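The structure's right below; bear with me while I get my questions together.
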Amino acid sequence: MNVYAKEFNESARRYTADLRHRELIQKALAGYYAKRDEFKNRFQSWPGARDLAAEIKWEAINHLDRYLDEFVSKLEARGTKVFWAPGAQEARDYIVGVARQHQVRAIIKSKSMTAEEIHLNDALEKAGFEVVESDLGEYIVQLREEPPYHLVFPAMHLTRQQISDLFHDKLGSEPTNNPEDLTMAARRVLRRKYCKADMGISGANFAIAETGMISITENEGNARLTTSLPKIHVALVGIEKVLPRLSDLALFLPMLATAGAGQSITCYNTLYGGPRQPGEPDGPEEFHVVLLDNRRTEILADAEQRDALHCIRCGACLNVCPIFKNIGGHSYGTTYQGPIGSVITPHLRGLQDWKHLSQASSLCGACTETCPVKINLHHHLLHNRRNAVRAQPARLEKLIQSAFVLMMRRPKLYQFAARMGRLAQPLQPLVRGTILDPLRAWTKTRSFPPLAQKSFRELWRERKAS
Amino acid sequence: MQISLFIPCFVDQFYPQVGMSIVQVLERLGHTVDYPETQTCCGQPPFNAGYWDEARAVAERQMTVFRDAKTVVIASGSCGAMVKVFYPELFHHHPREAEARALAAKTFEFSDFLVNKLGVLEVGARFPGRATFHDGCHGLRESGSKKPPRQLLQRVQGLELVEMSEAETCCGFGGTFAVKFPMISTAMGEVKCASIADTGADYVISNDSSCLMQIRGVLDRQGKSIKTLHLAEVLAQT
Amino acid sequence: MTNREIILGRVREALKVAAPHPVLRDSLAAAPAATPQKWLPPVGQTMEAQIELFRQNAEALKVEFRVCANVTEAIQHVKKLAAAGGWKKIGRQRGELTDPVARELSLLEVPTDRGYAVDDLESCDAALTECEALVAQTGSVLVSAPSAGGRALSVLPPHHVVLARRNQMVPDLTTALLRVQEKFKDRWPSFLSFISGPSRTGDIERILVLGAHGPKKLTILLLP
């Protein structure tokens, strides 16, 4: 077992035993489910909307070269500097380079999972720049020096008490049980940062090819401030964020809000099409868009799983996943959590190292059912399992599978094995829970049923005879 | 109608009474039931583990066993999904693809068969008690069987059906997942059992015996007296 | 090879193999896809119905929305807000609707149209702007750099007041986007934003708090 799988198991063990965590997450999501369903039901047809969304993303991803070129040429026409980044290193180097070139002193950042993916903050800090996260949840986990817990709700795992202690410790603020007071404490600190920062870094939710704009969705207004006041704005955008037309947003903005946060629409949906244009009173002097591949083209090349690139990063699949809810976002040990994370991480970071995420699933299908763009998520977990085995079958497991096939292709052998099982059954209580117990992974926490005295086949034969 | 029974390997060995209950109900409704005795397994365990060649080797044989069957009724939602949804994928671009699709088309999970194929809701069952229903994930999502079990149970005399808040949440069985990741599987089972207990029901019914194995396993360790029953067992009671 | 050529090369190579079309994959799919309006929540055809829908949505979003019979009524209301909020200084953009209101308020002003000092704007108590459109379907106001005095004016001061005209009310996002596409054609401003309520966060135990970074209060006044 590789180190990632080991850490996963250890973390999952800890979290699944933590009943406080289990309750906290269930409580946090209860309100989301109710609101999500309320707004889904307002659609004339949510299934119809899903079909259209799936089609639009299919069109975008399956003509990605055309739409990327259109996006970039429109952006460049209005003075945006576009950098194509084949990998994480190139993206990091470019952004650090921009900061150095402009002798930036303070950087403010709005939420970007893509920036997490390439460990951008680390690179900037090593290069001597201060980077402050402006999204409240991201700011909180930044102060705690831990990664975001969830794609959309980075601090979902924390109580107000923990946040109060954190702010008291790091900001010197008064301990309080009131979420509003805590929010205002962060607001006061971050407000000064916006006004002083010389560079703002953002992600993007969508990249509109037709008009050469990025679209950023947020509730707090921190992304707007990050991109309005500093004189340089750098946006890091995965190549898969592309949408063909501006009008596509009319569908995607409400769907993202409903599926992702149980809202009818998110508070701020902002389109950025360039640096400050002539006649505009504010806005950055320079606008850079860094287009990131970083192995997304490998997912693109896997035609069977290409639809994983349709993902709009709404987080809905996390919210319905019973595995996610019980093991928590940090157990995944990688940037993208939940079902989508389990599907794409093997492609982004290596199949053999990360196949365990695809194995740690009961394949219940709740993710596929909820995905607003109809990605075949749980079937891709099966595909990852198959691909992992094809590339590198585990010798012992292959042996067991072969034995299984042998048995199941010979009814007499299958029935013989069942008879042996019945004979051995009285011995099971003697070894239960010990290393000799083949069922101990089960019997440690659950009772195991006895083999029936007579199998269905035997009962059927008796019935026929009488 | 002539109906061929597909009895999953673990129903055969652990829950034969579920198979017998299906026979009783179908015969009560006037149908003739046969059981191809050389059948073994649908091939789901190797399939889920990623061993698709091995799964195909098992599935192929099963396809041969049921080649001449007109209608196949299967006692489990998850094996039903294996045949109906995954056999076509498993045999895609394979010489026996047409056969796989044909078997998928003529196979039905038990409750889906009664309600959607036979158009029957009333099977003359009587079972007094307060029960809640657990939706097995495969039956629910791969085969779309949310309504049929409930429609059937609503007509069982004396049965009071209450819904649990987490009816559609996975119980945590998931095949080998249950033993490969036992801590996650158990946690999921505990969430399910808490929801069952909240309803105050004396019985939890499901259309998947593997789910019932998991739920029973957790309930026993919790010392709860809630009983687990397969849908077929309830419908067989008169 | 440039980076662009590397990435596009990878993309073209990958796309040589076709991926299954989504709607064909699912045999239970709905009728062939149409425009979003077919699936999104319905919007009434008349202006009155749209104003009513906007009002309901605005209320749910905790936006203060008033239909004003004339400019005088709007001025009176803004004066009330100023008194209640103890406003001393407002940021604003110059415009046909904002000019008369600002004049009557006679507070200290930071007009943003031709640039401003950040600290000046940061210490304003309120912002007065116009907009591009109001969207009935979502209760949103669409602003742009030209219509709302730049990027920061409508998000930095703690109370944002929008003055809009009836003919700026549109049924849905599709229409709003179409409207600005027709207005700007290829000479897009660098910034447009759909604002749907005062700033908010749920990052602390999923409890709703208003005024996270952006304005805590949003007032929209609809003039004839």
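Residue numbering begins at 1 within each chain, and the chains themselves are lettered A, B and C in the order written.
We take it that a residue touches a chain if its C-beta (ideal position, glycine included) is under 8 Å from a C-beta of that chain, and two chains touch if they have at least 3 such contacts.
Keep in mind that this is a model prediction, so the values were computed, not measured.
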item: Chain whose Cα centroid lies nearest the overall Cα centroid; value: A
item: Taking each chain's C-alpha mean as its centre, the one farthest from chain C; value: B
item: Most extensive contact between chains (C-beta pair count); value: A-C
item: Whole-Å gap between the CA centroids of chain A and chain C; value: 28
item: Approximate Å spacing (C-alpha centroids) for the pair chain B, chain C; value: 51
item: Distance between chain centroids, defined by C-alpha means - chain A, chain B (Å); value: 32
item: Numbers and ranges of chain B residues touching at least 2 other chains; value: none
item: Contacts with 2+ other chains: residues of chain C; value: none
item: Complex contacts: residues of chain A adjacent to chain C; value: 27-28, 31-32, 42-49, 51-52, 54-55, 58, 61-65, 68-69, 72, 78, 83-86, 90, 134-137, 140, 153-156, 158-160, 163, 179-180, 182-184, 187, 190-191, 194-195, 211, 213, 219-222, 224-225, 227-229, 239, 246-247, 249-251, 253-254, 261, 264-277, 279-283, 287, 291, 293, 297-298, 300-301, 303-304, 306-307, 374, 376
item: Residue numbers on chain C that touch chain A, as the complex places them; value: 2-4, 6-8, 10-15, 17-23, 25-26, 29-31, 33-34, 36-42, 57, 60, 112-116, 118-119, 122, 138-140, 145-146, 149-152, 155-156, 172-174, 177-178, 181, 188-207, 209, 211-215
item: Residues of chain A defined as touching chain B within the complex; value: 9, 12-13, 16-17, 22, 26, 322-323, 325-327, 359-366, 368-369, 382, 385-390, 393, 397-398, 401-402, 404-405, 407-409, 411, 414, 418, 421, 439, 441-442, 444-452, 454-461
item: In the complex with chain A, residue positions of chain B that touch it; value: 7, 9, 11-17, 19-20, 23, 35, 37-41, 43, 45-52, 54, 57-58, 61, 137-138, 140-142, 168-170, 172-175, 177-189, 191, 213-214, 216-218, 220-221
